[in-house]
Amino acid sequence: MRLLPREEKFFSLFLKQVGIISEASKLLLEGVKNGKAQLPAIAKQVIDLEHKGDEVIHEIYTRLNQTFITPLDPEDIHSLSSKLDDVLDGIEDTIHRMVAYRVEVIPQPMVALSEIVCSCSTALHKAFQALEASQPLMEHCIEINRLENEGDRLGRRAVAELFDQEKDPIVLIKLKEIYEFLENTIDSCEDVADVLQNVVVKNS
Amino acid sequence: MRLLPREEKFFSLFLKQVGIISEASKLLLEGVKNGKAQLPAIAKQVIDLEHKGDEVIHEIYTRLNQTFITPLDPEDIHSLSSKLDDVLDGIEDTIHRMVAYRVEVIPQPMVALSEIVCSCSTALHKAFQALEASQPLMEHCIEINRLENEGDRLGRRAVAELFDQEKDPIVLIKLKEIYEFLENTIDSCEDVADVLQNVVVKNS
Amino acid sequence: MRLLPREEKFFSLFLKQVGIISEASKLLLEGVKNGKAQLPAIAKQVIDLEHKGDEVIHEIYTRLNQTFITPLDPEDIHSLSSKLDDVLDGIEDTIHRMVAYRVEVIPQPMVALSEIVCSCSTALHKAFQALEASQPLMEHCIEINRLENEGDRLGRRAVAELFDQEKDPIVLIKLKEIYEFLENTIDSCEDVADVLQNVVVKNS
């Protein structure tokens, strides 16, 4: 993976996307930890981050169409960027639901799953730093896979408990959907890691 | 994008697909405006349109495999056609649910979202006409993006109101799912617009 | 499609994946036929099969990255393998829900849909055997399309009946979700068939 200076911009744009994801995931965790009162303000901040993310992705696509020689396959750049965008959208969609559904008390598994989203963001950040520095990044992808497995286990248990304990069907629908959005967000992180792994293998 | 006569067939086949989508979306809007009584008859007409659409997509794939020189990248033709098919499937899936779930009264946001599906179909039609005529089509894609944003806002508000007002959980499940199918159909329109934009940039 | 000996390994790995799917789908059918008591034990066996499937897919990806000349386009090998994996995941996800949601009585449509999953697995097995032997496989793909249509009809009727008859919203949520997971599993089988058909056309 030899890079010409001009092209390295893609890596810094990926890092910008991942930085925005990190910020959003920290806000998510802060929100679920502090409970209902702060969530509407946090939701607004995350929407702002989503708009910032849209600008970055737009710049990536514009450069992709202008640059003849790219440091990675163009379709991999496209795929990484659009899957990073899915992570950010997932975080925003999740927080939106927490606010719109007026969740009164944040159940513990929601905090635990948000912590996993945060850990995934950290691992993604390390992976993209390694990509930029042409350093090994496999360990970070493996960590994301491990986190996804943990999230899957947590999410399955949370939903099973919900069916065991929650007698109000409307509350059940709300909480179940938020658990699923958190799990999908974690799955999107794993999708990014899968593309990264494939990129590394292709370029090795 | 210079085209040999023989190959232009693809554009007219896309226009055929979009024409079928326009018809289906008008039927959808007519159905939700006129209410419950007409919906079963409309559902049957939309199934017929879906079968017509399947024939068109089949012809596109057959020609794609027979034609050596295509006016666009083969994978873009495949992608445009399959995403247009998702729009048509989305309309059919939505109407099916309205009928099968015996929705008694069509709530206003369902009409508003169906209107957006219709406007998206019109914009798609203009975009594919412009593609065939080698004319600018970006404005139509931007319009679809705008409509998708509006649909997203409408859909989110509709679901939030549902949780606020609807006390019957089974009715809530039904209406929420139909809102989501309408939103997904609008998202599929945006997916077509995204591929179109990319096609234009690649060929410019 | 002339194959060098070394490369044929891909076909036998696909057959291994399909063999695991067949086993899992038979366990699923056995489980829904024999009812609640046996399902937890069956769920464990299916998880073991899923792990075996992960090993096969890992070997396919590793070989894909090491092999310069592949018998099919690398992206088709990747796509076939990952879509076969979706089928196996779908079966596991379905059985997990049957157990976790403590479904008391397995309704008849759940048995019928599981039978379709089984028939799809058999057709996939025949299709991949034909692929390995360079024999026609179109009829098996057509059979899978037919099964998917039947599954769609069955699933739609099952959900409509659920809304007509089931008055407990929480039971309704559980059963509806399991029907949808069975239908998605069948859709994944059709996705494999679609890629196979495309592979055949490209290589003819």
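For this structure, a couple of remarks:
Read from first to last, the chains carry the letters A, B and C; within each, the first residue is number 1.
Everything that follows uses one rule, which is that contacts are C-beta pairs under 8 Å (C-beta built on N, C-alpha and C of every residue); 3 or more make two chains touch, one makes a residue touch a chain.
All values derive from a computational prediction rather than experimental measurement.
Look at the contact of subunit A with subunit B and you find different residues on each copy: under half of the numbers used there are shared. If you lay the C-alpha trace of subunit B over that of subunit C, the rotation comes to 120 degrees, to the nearest 5.
If each chain is reduced to the centroid of its CA atoms, subunit A and subunit B end up 28 Å from each other. In subunit C, the residues that touch at least two other chains are 169, 173. Partner subunit B is touched in their complex by these residues of subunit A: 61, 65, 96, 100-102, 169-170, 173-174. Against subunit B, the residues of subunit C that register as touching in their complex are 156, 159-160, 163-164, 167, 169, 172-173, 176, 201-202.
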